[in-house]
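Think of it as A, B, C and D in the order they're written, each chain with its own count starting at 1.
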Amino acid sequence: MIRHLPALLVIVPLLTALTVSALSWVAPRLCLPLTFGCIGASLASSIGILVEVIKSGPVVYTMGGWSAPVGIVYVIDYLSAPVLVVVTAVALINLIASSKQIDRDFSDKKGTFYTLYILFVTGMVGIVATGDAFNLYVLLEIAALTGYSLIGIGHERAPLSSLNYLFIGTIGASFYLLGVGYLYIATGSLNMADLARFMAMPEHGTSTMVMFAFIICMTGLFIKMGLFPLHGWLPNAYSYASPASSALVAPLTTKVMIYAMIRVGLYVFTPAYVFGRLQVGGAMVWIAVAAIVFGSLLALAQKSLFKMLTYIVIAEVGYMVGGFFLGNRMGITGSALHIINDAAMTLCLFLAAGAITYRTKSDDFKDLKGLFHQMPFTMTAFTVGALAVIGVPPTCGFFSKWYLIIGGIQAGHYGYAAALIFSSLVNAVLFFRIFETAYFDQPGDGKGHHHGHHKHHKHKNKMVEAPVSMIVPLMITALGLIALGIYTGDIVTHVIQAAIPGGIA
Amino acid sequence: MEQIFTAMGAKYNYVAYIILMMVGLYAMIVKSNLVKKIIGMSIFQTSIILFYVSTAYKTGKTIPIVPYDAHAAVQAADFINPLPHVLMLTAIVVSVATLGVALALAMKIYRQYGTLEEDDIHEDLRSEEGKS
Amino acid sequence: MSLPIDFIVLALVVICGIVAISVKDLMAAAIVFSAYSFLMCLSWAVMGAVDVAFTEATVGAGVSTVFCVAAVFHSTRRTKD
Amino acid sequence: MKITGLLTVIICGALLTYYAMDFPDFGDGRSPANTYLSPHFLENTMHDAHVPNSVTTILADYRGYDTMYETTVVLTAGLACFFLLRRKESTSPPARFFRHVPTGLTLRIEEGGKLPAENSKVFTRIDSLWAPDSLIIRNTCRLIIAFVQLFALYVVAHGHYSPGGGFQGGVLLGSSIILFSISNDLRRTLKRFREKTAAVLGAIGVLIYSGTGFVCLLMGAHFLNYEALSPLLGLKTGDPMARSHGIFSVEIGVAFAVMSVMIWIYYNLSSAGKHDEGL
C-alpha cells in the first residue's frame, strides 16, 4: 500500500466525501466521525509521504498506469510534501475547532457542509500533488466551487461577496486555462516535467507565444491568490463567511495558489526562463512591495477583527510573491517557508477570531474590551499568532521574514526589505492596539458609565471562555507556531533546500 | 497593415475567440445586472473552449473516430486531434457547474435584497451603513 | 471569394453573443444565449469536434438555458442594462 | 465605469490579438499540438482499449483521472445549489390555486379556506405562477420523453463507437425528467423522482467511477488502471476488452451522477429552494 500512498492521499477523501454525501440523507449521525477519520487518514498519509520523500527522494505515481506525457502523473517532491502536510493539518485542526460552530450555523445541512469541506480539502491536496498542468485546472475548479458555496452561506453580505468572488475566480481560472492552452499549442504537451524539458529548447525560449502563456498563467494565479491590484474580492469574501469556513478557506486558498505559482514558475517555465530571459523579477517585486504597503495600511484602517485579518493576508501574499520573484536562493527559500508558516499563522488568528465571535457575536474592536479577563486562553493563543505575524522570535514568522529580508538585500532590492520591516512595524501597532483594548479597557466602557460600572464589576472576572473543543486546537496551533520556529533549521536544510532546483544562486 | 489582415484571414477563428472573450469580459466588468454578468461569464468560458477546439482542427481531415479494425494501421495525420476535445469536455462541464452555482447565489441575493442590480444593492448597503 | 461555412457561423455566434448581453429583457437574454450556445455547437461540429458539439448542444443550449430561465422566472425580467 | 471597462477590454483584446499572430495557422496539421501527443492516442486506441472513438478512450482511460474530477465538479455544483438555496420551512403563498379537473375551472382558495383533500381526484393543486394547462403540451411531452430516454440510453451505451458517452447521455436523461417537470408540475415530478433519490444517486454515480478505479488499486495495479479488472471479468491478462469494459462501467457512473445532479439543480433553481412550486 505504501506504493499507492500518493493516490490514496486524494482517493480516500474523495470516496469518503461521496459516502458522507449519500449518508447525510440516510444516517446523518455517521457524517462527523467519517469526516474526522478521512481527514485524519489524509494527514497520516501525507506525513507518511513526507517521510518517504525525505528518505528516498521524490515519488511519482501514474494514474491509470499511463506514464508521463500520455497519462496524468502525481509528483510529490520536496516542495509539495511539506505543503501537503500543512494543508491536511490545517483542515483537521479547523474541523475539530469548528465542529461546535458547524452545529450551530448549519444544523440541518451539516452533512452537505462536511461533504463540501472534504471536497475542498481534496481539491487543495490534488493541486499540490498533481504533475499535470490541465489536471491542476480541474482541481482548481473543485476547490473554487466548494469555496464559493462555503463562503456564500455566511451572514449579511456573504452571498454578494461570494458571487463577486465567483466572477473574479472564474476569470482567474480561465486565464490559467488559456495559458495552458498557449503552452499546449506551442509544445503539444500538458505534463509539467515534459513542458520544462521543452522550455530548455531555444525555439521555445524565444517564442512570444510562450512568453504570453507565462504572463497569462501568472495573471490567472495572481487573481486567484489576491495579489495587490487584483485583490478586490478577498476582504469581503473572507470576512462575511461563517468563521468555520473562513478559517479553512483563508489559510489554504492563497497559500496553495502561491504554491501553484512557485510550481509553475520553477517546474514548468524553469528558473532559467523566468529569471534569466524574461527579466520580470524587478517589476514583480515592486508590485509585491505595493501589495505589502497597501495591505498593511488598509489593515490599519479597519474597525473589525476579520476585516483587519483579511488585509494582513493581502500583505502576506505580497511577501511571498516578492520573495519568489527575487529569484535568489534565499528569497525562494523564504517564500516556500513562509507558505508553511503563514498557513499556520493565519489559521491561528482566524481560529482565535472565530472563538471570540462565537462568544461575543461580534468582531468589532469596540466589543473586544476586557477580553483578556474573559477569554484568557483564546487571547493567549491570539497573542502568539500576532507575535508570529509581527515576526518576533522564537515564533516561526521571524525566521521566514529573516530569509526574505536577507534575500531582498542579496538581490539589491532594498525597497522590498524596507517594505517588510515597515509591514512588521504596522502589524506591531495593529496588534498592540488590540491588546490594549482587550487588556486594559473594561467591558461596556463608554456610555452610561455609572450604570455600566456597577454591572461589569460582577462580570469583570467571570470567564466566558470558548468551549474546550475550540481552545485545545487553538492552543495546539499556537504551540505549533513556536515549534515551527524552533525547527526552522531542519525544515530548511532537509526539505526546502532540496526543493529548489540547482542553478539558482 | 495588409500583412496583418492576411494573417488574420488565416486565423479568423482566433480573432473570433478574442472578440467573444472581450464581449464576455465587458459584460462582467460593466454590466450591473447579475444575470447579465453570469451570461457574460459563460460567454467568456465558451470563448476559451472555441480557442482549444480551433487548435485541434486540421483542414480536410476527419473526426477522431478510427476504423473498427484492430489490425488496420491508423494514419494519425488523417484525423483531427482528439486531445483538446477531451480537455474541453471537462471545461464545458466546469462551466455549467459554475453557471449553476452562480445562479443559485444570484437567487439568494435576490431573495435578500429584492433586486438583481448590483448598483442598487450597493446603494442600499451604503444608506444602511449611513443610518447605523 | 467564397465564404466558408464556419466563418458564417462564427459571425453569427459573435452577433448572438453581443445581443445576449445587450437586450433589455432578461428572459430574451437567456433565450438569445441559448441560440448563441447552439450556434457555437454548430461551429464546433463544423470543426470536427463532434463530442464537444454534442455536449454543448445538451448542456449549453439545453440545461443551461433551463437554469437561466428558472432563475429569471423566480426573480425579475427587468434590467437597466 | 463604462469607459474604464471598455478601455480595459480593448487593451486586453489588442494584446491578445497581437500575440495571436504567432499561432500556427487555423487548420494546420503540422503544428506541435497536432503532432506531438495526439498521434499516440489515435494509433493506440484500438490496440489498447478496443474503442474506436478516441475521444472516449482519452476521456475515460488515458486521462480518466481528470474525468473523475469533472464528474465530481458536477456533484459539487449540485451540493452547492442545495446548500445555498434549499429552505425547509414552508413559505407557501396565502392563497392557493386548484383546478377542478372535469370542468377545467381554476379555484383560488384564500387563507383559512378549506383545502381539498391531498389525494382528491377531482381537484389538483396548481402553481401560483401558473401557466394555462394545455393538453397538447402535456401529451406531446409525454410522447417525447420516452424517446429522449431511449436515445439517452443509446448515447451512453454507444459512446465507444460514436460521439457521446456517459456525460451527454446523462444530461439527456436528466433533461427528460426536467421536461416532464416543465410540462406537468414540480410536485408530481418530486413524487416520481424524489430529492433524496437525486442526492444519493448523484453520489453513487461518482462512487461507481472512483470505485472502479479503487477496485483496480485493490487488484494491485495503479488507480484507474482497468487492465487489472481482467481476472474479475473472466478475461485473459492484457486483453484490451478489460479496458473497454472498465470504460463502460465508468461511463455508467458518469451518466447516473450527471442525470441526478442536473435534476437536483433544476429542483432547487426552479422552486427557489422551496420545492413546492416549480416553473
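Criterion: contacts are C-beta pairs under 8 Å (C-beta built on N, C-alpha and C of every residue); 3 or more make two chains touch, one makes a residue touch a chain.
Given the structure is predicted, the values throughout are model-derived calculations rather than measurements.
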| item | value |
| --- | --- |
| Touching chain A and also chain D, the following chains | B |
| Reaching chain C from chain B through chains that touch each other, fewest steps | 1 |
| Pair with more cross-chain C-beta pairs in contact, given B-D and C-D | B-D |
| Geometric centre distance via CA averages, chain C-chain A, whole Å | 38 |
| CA centroid of chain C to CA centroid of chain D, Å | 19 |
| Separation of chain A from chain B, taking each centre as the mean of its C-alpha atoms, in whole Å | 28 |
| Where chain B touches two or more other chains, by residue | 12-13, 19, 25-26, 30, 54-57, 61, 63-64, 84-87, 89-90, 93-94, 96-98, 100-101, 103, 105-108 |
| Chain D, residues touching no fewer than two other chains | 23-24, 31, 33-34, 37-38, 40-41, 53, 55, 59, 63, 66, 70, 73, 76-77, 80, 84, 163, 167, 265, 269, 272 |
| Contacts with 2+ other chains: residues of chain A | 134, 138, 141, 145, 148-149, 152, 159, 184-185 |
| Touch-based graph of the chains, sorted into line, ring, star, complete or other | other |
| Interchain pairs in contact, sorted by label | A-B, A-D, B-C, B-D, C-D |
| Residues of chain C that touch chain D when the two form their complex | 50-51, 53-55, 58-59, 62-63, 66-67, 69-71, 73-74 |
| Footprint of chain B on chain D - complex, ascending | 1-2, 5-6, 8-10, 12-13, 16-17, 20-21, 23-29, 31, 33-34, 37-43, 45-47, 50, 52-55, 58-59, 63, 66-67, 70-71, 73-74, 76-78, 80-81, 84-85, 161-163, 167, 240, 265, 268-269, 272-273 |
| Chain B residues within the chain D interface of the complex | 4, 7, 10-15, 18-19, 21-22, 25-26, 29-30, 54-61, 63-70, 72-74, 76-77, 79, 81-87, 89-90, 93-94, 96-98, 100-101, 103-105, 107-108, 111 |
| Complex contact set, residues of chain D against chain C | 53, 55-56, 59, 129, 155, 163-165, 167-168, 171-172, 174-175, 178, 182, 262, 265-266, 269-272, 279 |
| Touching residues (chain side chain B, partner chain A) in the complex | 25, 28, 34, 37, 41, 44-45, 48, 51-52, 55, 84, 87, 90-91, 94, 97-98, 101-102, 105-106, 108-109, 112, 121, 125 |
